[in-house]
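Both complexes shown next keep subunit A, but they swap its partner, so subunit B is in the first and subunit C is in the second.
Up next is the complex of A and B:
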């Protein structure tokens, strides 16, 4: 269901976006983003051996938070700012839940602005990628 | 893992330096490839009719996608595809690399068909300690994206890279 400015309330949760990226998905992300760091596809790479696994691109999680906001917004506005910190590693084949909530809704200089808190959460419930976004409604 | 690491004057002298401009392309194919890599199912990022029906000029760049650098062997990083020529760099000798965080600020729309001129500034460098990684060098980079057709600054991306 499409979101509208009128229907947004502070404290609202964004519909969760569930991810479980396979190695193949990470290879697709590598091709799409141009990030071919072997840490994201090669188990024999020294850094992968040290970590005992390859890891999900931090930027894949960042882009997934973008997808979460894009799906919620349904092109009824635009993202002005989106950020995240990479606090914990995620691994292929494991659940990543992208979530968010409305922190603030305001009208400034005639602009309809919504501030969002965002995160990705792993299977243990740890928020590995906390973030924020500012969205401007049309 | 580094036990000891300090910023030398030579390293500090790199702060504030800028890269030469490099062109990044946003094309229908590159938007689809990025959207597919993330796992989007929203047709607006794949189908030009759907994009136009949603009010876009062409396929919009999905959030956090700011175009693909023109890859030229020997002048770009073979690992990250980004331009390496004349890039301000800190010769730290550390082997480990992790992404710390990213912020993207948008000033205008970015759609397939756009060419962006990109300039990167080495904005800062800090040394911190962590229990897991030992001494870490945190490098802050600020990248400006300007639409070559309109001359408008369309986005700024700020990122931190951790070397350990």
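Up next is the complex of A and C:
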């Protein structure tokens, strides 16, 4: 299961990570992360009313991309950088599938570096949170 | 507060660029296993390097670490975020208020990037400074017009060593107007959608539009040399013959080039509007629209399938959709 530097190839897919955060999980996340923006838990908040729903924390999706990469990387290396764009909103109780693939594998100044393309995809197949990551192997 | 003119507002916005939002912020708690456990529980993340000392000792980290993407949790204010009156005033809250007071009341995060120089361990005590790096000009977006604000937060540990940084971008926007009240019974909900511009039809191209009305995408073919051409023209550019016939396209094409229209929004069109130059398998190209495709998924050379559809009760147009491969 665990990958090694040698076994990584450009074009490899990362095993998908499935999320379906419930309202309860988002409330727990608000407490666990300190992100208490009411848009993520309060249906009476004006922006929630306008959207007719609360929305999943962007930071929750960002952290899910981090989890996806860490699961794939195992304990063989470290994440150096993750970036993402928030292109679309996700809502509680809906599927979020996190995916990724290996864009580039290279050795630079003695470091074993892999660049990844990442995304979260909603039930309609739209990539709501595309991103990138850089990881360094031991 | 009275609304400022756009020039006045943008002058005020410019004064925020390049400034630190306030003094260095000190994390309320050192990195600790309890908060890590709560965060992992919220995420549903069972990775043992965050909670199991034995497993963590065997990893590259040599002991329990905080999940890298938990970084901001050590600095976020928590429940105060739900009550702006309790938030510590900073140049950033001042900037947001200035925009809110001028009608840009909505806010969404649009980009986040974090770079980790090392993983944090229990006992680390973070401090951070945040700088407003840029405020954009006024932009038209799907949510409404607004301004993008870029900030950069630099995180240091108890020894003053930089351990991570984050760039974050938000959009402060004027919510686009939505249909007000529910329609009363018997009335249609929205005003009739304005019709699109009509295509000019003349002596040389009217036959092509009649083909579209009949559900056929026609391609002009020179009767002299057999060369195909589009858009319709009276004379062949290759052999100068003015005799021509037409063939029907099979409807398969590739995306040759495209642009995504964002602004200004012409009435009658749906946005984002993907305007594409499609190369048909017969070899000619035509300008059309790509439907049911996220602009981010467009790729030059992607396969497209023709569909001829009614845009309103008078106008038929050829449009394309991505070919889905399973």
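We take it that the second predicted complex is superposed on the first by the 138 of 138 C-alpha atoms of A that agree within 3 Å, B and C clash if a C-alpha of one lies under 4 Å from a C-alpha of the other, contacts with A are read in each partner's own complex, and residues count from 1 in each chain.
Quick note on the criterion: a residue touches a chain if its C-beta (ideal position, glycine included) is under 8 Å from a C-beta of that chain, and two chains touch if they have at least 3 such contacts.
Please read all numbers here as calculations on a predicted model, not as lab measurements.
Student: Once the structures are superposed on A, label A:126 by its partner contacts, choosing first (subunit B), second (subunit C), both or neither.
Tutor: second
Student: So, does A:70 touch the first partner subunit B, the second partner subunit C, both, or neither?
Tutor: both
Student: Once the structures are superposed on A, label A:84 by its partner contacts, choosing first (subunit B), second (subunit C), both or neither.
Tutor: Both subunit B and subunit C are touched by A:84.
Student: Once the structures are superposed on A, label A:105 by its partner contacts, choosing first (subunit B), second (subunit C), both or neither.
Tutor: The answer is neither, since A:105 touches no partner chain.
Student: Is A:31 in contact with subunit B, with subunit C, with both, or with neither (first, second, both, neither)?
Tutor: Touch partners of A:31: subunit B and subunit C.
Student: Quick one: is A:42 in contact with subunit B, with subunit C, with both, or with neither? Answer first, second, both or neither.
Tutor: After superposition on chain A, A:42 lies in contact with subunit C alone.
Student: Taking the two structures together, which residues of subunit A meet both subunit B and subunit C?
Tutor: 19, 25, 28-29, 31-38, 47, 58-60, 62-67, 70-71, 75, 78-86
Student: Across the complex, what residues on subunit A touch subunit C?
Tutor: Touch residues, subunit A against subunit C: 19, 25, 28-29, 31-38, 42, 47, 50, 58-60, 62-67, 70-71, 75-87, 126-127, 130, 138.
Student: Quick check: in the complex, which residue numbers of subunit A touch subunit B?
Tutor: 19, 21, 25, 28-39, 46-47, 57-60, 62-67, 69-71, 75, 78-86
Student: Where on subunit C does subunit A make contact in their complex?
Tutor: 35, 38-45, 47, 49, 58-61, 67-70, 72-73, 75-82, 106, 108-116, 119, 175, 178, 294, 296-297
Student: What does subunit B use to touch subunit A in their complex?
Tutor: 30, 33-40, 42, 44, 54-56, 62-65, 68-69, 71, 78-82, 95-106, 109
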